[in-house]
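Provided herewith is a single structure, encoded as structure tokens, for subsequent inquiry.
Chain nomenclature is as follows: A, B and C, assigned in order of appearance, with residue numbering initiated at 1 for each chain independently.
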Amino acid sequence: MVSKPASHGRPRRRRNPLGAFGALSHVALLVWAILIIGPILWTFLGSFKTNAEIFGDPITLPSSYHWDAWGRAFQKAHIGQYMLNTVFVVTCSTALTMLLGSMAAYVLARYSFPGNRAIYFLFVSGMTFPVFLALVPLFFVVRQLGLIDTHFGVILVYVAYSLPFTVFFLSAFFKTLPTSVAEAAMMDGCSHTRTFFQIMVPMAKPGLISITIFNILGQWNQYLLPIVLLSGNVEDKWLITQGVANISTNAGYEADWPGLFAALSMAIIPVMIVYIIFQRQIQSGLTSGAVK
Amino acid sequence: MSYSAGTPGDITRRQMLRRIGLTALVAGPAAGLLSACATGGSNAPAATTSAAPSSGGAVSPANPFGVAANAPLEVVIFKGGLGDSYATDVHEPMYKKAFPQATVKHVATQQIAQTLQPRFASGEVPDVIANSGTDLMDTGALQQEGQLLDLTELWDAPSMDDPAKKVRDTVAPGTIESGLIDNKPFLMNYVFSAYGLWYDSALFEKNGWTAPKTFDEFKALCEKIKAAGITPFAYAGKNASYYAYWMILISAAKIEGNQVLIDIDNLEDGVWKRDSVKQAAAAWAEIGKYMDKSFEGLIHTEVQTRQNQGKVALYPSGSWLENEQKSQTPEGFKYALTPTPSVTAADKMPFEAIRAAAGEAYIVPAKAKNPKGGLEYLRIMLSKEGARGFTEKSGNITVVTGAADGLDLSPGNASLSAAQTAAGQNIVTFSAFENWYKELETELRKQTNALMFGRISADEFCDKMQKAADKSKSDSSITKQKRTV
Amino acid sequence: MRHGRYRFIFGFLAAPVILYVVFVISPYLQAFYISLTNWKGISANPQFIGLENYTRLLDDEVFWAAVRHHGVLLLVMPLVTIVIALFFSFLLNLSGGQRGGKMSGIWGSKVYRVIFFLPQVLAVAIVGVLFQAIYRPDESGVLNGLLDLVGIDPVGWLIAPDLALWSIIGVMVWQAVGFYVVLFSAGMSSIPKDVFEAAELDGANRATLFFKITLPLLWDTMQVAWVYLGIAAFDAFALVQVLSVDRGGPDNSTTVLPLEIWRTAFNFSKFGYASAMGVVLFFMTITFAALTLRVTRRERIEF
């Protein structure tokens, strides 16, 4: 285990990973890991059980493995469709959030002009607005623009509601970047716009990545806004959280719990795969900026 | 107006029962019981619409509302225990047949209010709404805002089955009255339901148990059932505590008569503290003690599934239960209905009395784009073909007289009809406050759980409910309504 | 040059500001006005009733129950989450000793980190439905099934009024910890290794390392964490709606303001009153954020 000989000529006194502390640490970590994996695994197994098994002893495996419930969930619950819708909406809205958010943050962080602080605080105060307060008036605004029941409307609203945090975070980030490079570029006759896109954006990459991931997660998990904004006869446009909530109520009415678990698994598994593939980027991106 | 006064209201209700309960429901073995009326029950139901496909909105006998033949129609259906195939497979095709140029848009949802509230606010309303479920729209508020279409025109229109008859004469008496707001018919209550305790008669037979007639018998039976390792009584506290408060209200009405329920609806001072309510609450709280605490955290289908598995004996519910559980009910399980037991020997209503009412309101928004089409859609629903199709698809009977003739009866429906026969004119009235005063209703759900799971006494229950009723009464933002029958 | 500069500023700000004003600011302003009316959510002309909604809030039991719950959530949820997350990130990053001249975590720390973070990528609605089964109040619930194995009677996780809110806090912590483990880990890895080496030479043990060095150096990160978690504590809508008895029960023991706002607006059709609650929630959130940032402001430790 000791990979580097003690260069100070002192024997290493501690850090025996097999010590009591190490063992306890492993127990604690293991318990938490089980707490995380357990419920998800249990849901997955639940999709193979029958109603009677689900309401029986919870700590048993299904008696047989068949995919009926998955078929039902896929056919009736349109999980695949909702997933695609969500991917589409979140991709567009995150991209737009990043573009507009970084533009605003950059200007607010690095240019002084009358009204700068006012606009900045207008954005930042938005972080504390409880979305519930705005729900009903928001519906009317979106409707008046003819965007209700459209993905485009959802995208614009997602962007607008992601801006406060994005602007807050990125303007702090832009402030930390050295001014010399940008100044040099301007000296060379670079326009403000070009300086931003060609110099500042690459420099701000860690911050941009982290806030992008933050926004993807936040928008992916949105539940309230899609319910209100896609409330018409547009089941085909629903997003994944709406779909899952709907299946959950459906199970309440139709007593199809295996179907519910199958649908849940279907909603979880793709996200998990994407997460496991990109976990390194997600974690480092998410935090590299946040600690700055 | 007590149940026994023989008022017109009671008579209509009795007639309603006769007609729906007996004519519509029963066939086969039970047919002998229905010596009485079979009003217009024998007309061929197939007669539907030879409706002139288009008349550009002109009024004709076949198109009494003057529906524009090409106007699109949007129908929003609550997709709960009744499903929505009755709309997609029966009523909507019938409408399409009558108006081939019209497109029919079908929306199924479990969240009626969430889906429709914003649309009402914006004026983008559908043409027909099945307003039901946990999240239904507050029809009192809608009516107040002028958002509901007065259905008088519908009730006065000629019936599809017999143009000589008005629609109002083809439904069970009492149906229209149950849909009045401010004395005008705004709701079309379509489904006929009866409420009581449901059990598996096969299980009871096997164990030699009989349905209890009094609360003393009820408790004795609970002991026996408990000894057999089965939960004697249960309801789902998580989302269906109203199933339990129905029982309390029924018992109160049995003790004092229907007047107590009418007074509750009218927010009469001190009504929740009356002896009848207190006694009813105390009696049910006793039964609550036989219930496992865990039931407070379960939803209705979970408890119902447990009953199907033979783990719960008596379950309070309405007559949709059997159909709701169709896919879960094991072979040999026979649903049966028994009225709520009598609380005192001096009860005004006999043991046999049951709560029965037309429910599941369908509404047409006043600002709908095609309100005529909406009315016509309701008229289609009220035709025999429409009602019969509904019963076939949903397993529930409708208010349309004689529409279910000849359909096979399930054990639950057979037991229901027997209970109705036994009840005769002793019908516990519906509760309008459930729709009129949603806040009061919410509080009642809360306090019912607290009472039934032993956290508060019957006295505290009554105090808290009275306080909530007083609060609703003094809240200027809530519009008060009155009922006399 | 100057002209170009303003054109540039305007060009960059116009789209975000317009979008933000249209979809965020204007609905909120309308909501403030609605809170002074008795609007039922339907008619076009709400009636102005002044502060009546606000005075009514004063003796609304349910409202105060919800406010109290936010107080509990605000104190407990961030604290528990941060403590657990700090503990795990310490184990994962620093407790393994030095390796290749760097402080390293315990064996398997990468795998743990991946697992811990997992709940963060699940939608709250999904987590809620998942925990329905975990917390089921009889033996068929996962937790109670486990207790059953060791002979303990089922616990009413969500049905005991004294326990229900804590169970819901448990889910929030369950979901949040991973994110903060990763966040703190990043903070810890940015602490220069010579700081630890020096401390170690001075004979510092693990506890000293943690309390005297790691913690103070992570102060800024923890402040950020507290603000994030605090804002989350003012929500909790989806979890309470899905998990609790009768939405906010039993006996109001789990209700939160967003849920009451939702119910008052969409079930009771009292949008004016609901908006008044929303305005209160707004001021509570904003006060919290301001206070946290003020109170926890501290000398920055530079390295």
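In this text, a contact is a pair of C-beta atoms (placed from the backbone, for glycine too) under 8 Å apart; a residue touches a chain by one contact, two chains touch by 3 or more.
Source: prediction; values computed, not measured.
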Exercise. Would you mind naming the chains that touch chain B and likewise touch chain C?
Key: A
Quiz prompt | Chain at maximum distance from chain C, centres defined as averaged CA atoms | solution = B
Quiz prompt | A-C or A-B - the one linked by more C-beta pairs in contact | solution = A-C
Quiz prompt | Geometric centre distance via CA averages, chain C-chain B, whole Å | solution = 42
Quiz item: Cα centroid separation between chain A and chain B, in whole Å?
Solution: 44
Practice problem: Express in whole angstrom the distance between the two chain centres, defined as the mean CA positions of chain A and chain C. | Solution: 15
Quiz item: Which positions in chain A touch two or more other chains at once?
Solution: 55, 136, 140
Quiz item: Could you say which residues in chain B touch two or more other chains, in rising order?
Solution: 114, 121, 239
Quiz item: Among the residues of chain C, which are close enough to touch at least two other chains?
Solution: 41, 136, 265
Exercise. Within their complex, state which residues of chain C touch chain B.
Key: 38, 40-43, 56, 135-138, 154, 156-159, 161, 245-246, 249-252, 263, 265-270, 272-273
Quiz item: What part of chain A is in contact with chain B in the complex they form?
Solution: 51-52, 55, 136, 139-140, 143, 148, 227-228, 231-233, 235, 246, 249-256
Quiz item: Taking the complex as given, what residues does chain B use to touch chain A?
Solution: 74, 79-81, 105-108, 110-111, 114-116, 118-119, 121-122, 124, 239, 299-302, 304-306, 309, 324-325, 327-328
Practice problem: Could you please specify the touching residues of chain A with respect to chain C in the complex? | Solution: 3-4, 8, 12, 14-15, 17, 21-22, 25-26, 28-29, 32-33, 35-40, 42-43, 46, 54-59, 100-101, 103-104, 106-108, 111, 113, 119, 122-123, 125-130, 132-138, 140-142, 145, 156-157, 159-161, 163-164, 167, 191-193, 196, 217, 220-221, 223-224, 240-241, 244-245, 248, 260-261, 264, 267-268, 271-272, 274-276, 279, 282-284, 286-288, 290-291
Exercise. Spell out the part of chain B that touches chain C in their complex, as residue ranges.
Key: 113-114, 117, 120-121, 135, 138, 141-142, 144-147, 237-239, 241, 292-298, 438-439, 442, 445-446, 449-450, 453, 455, 475-477
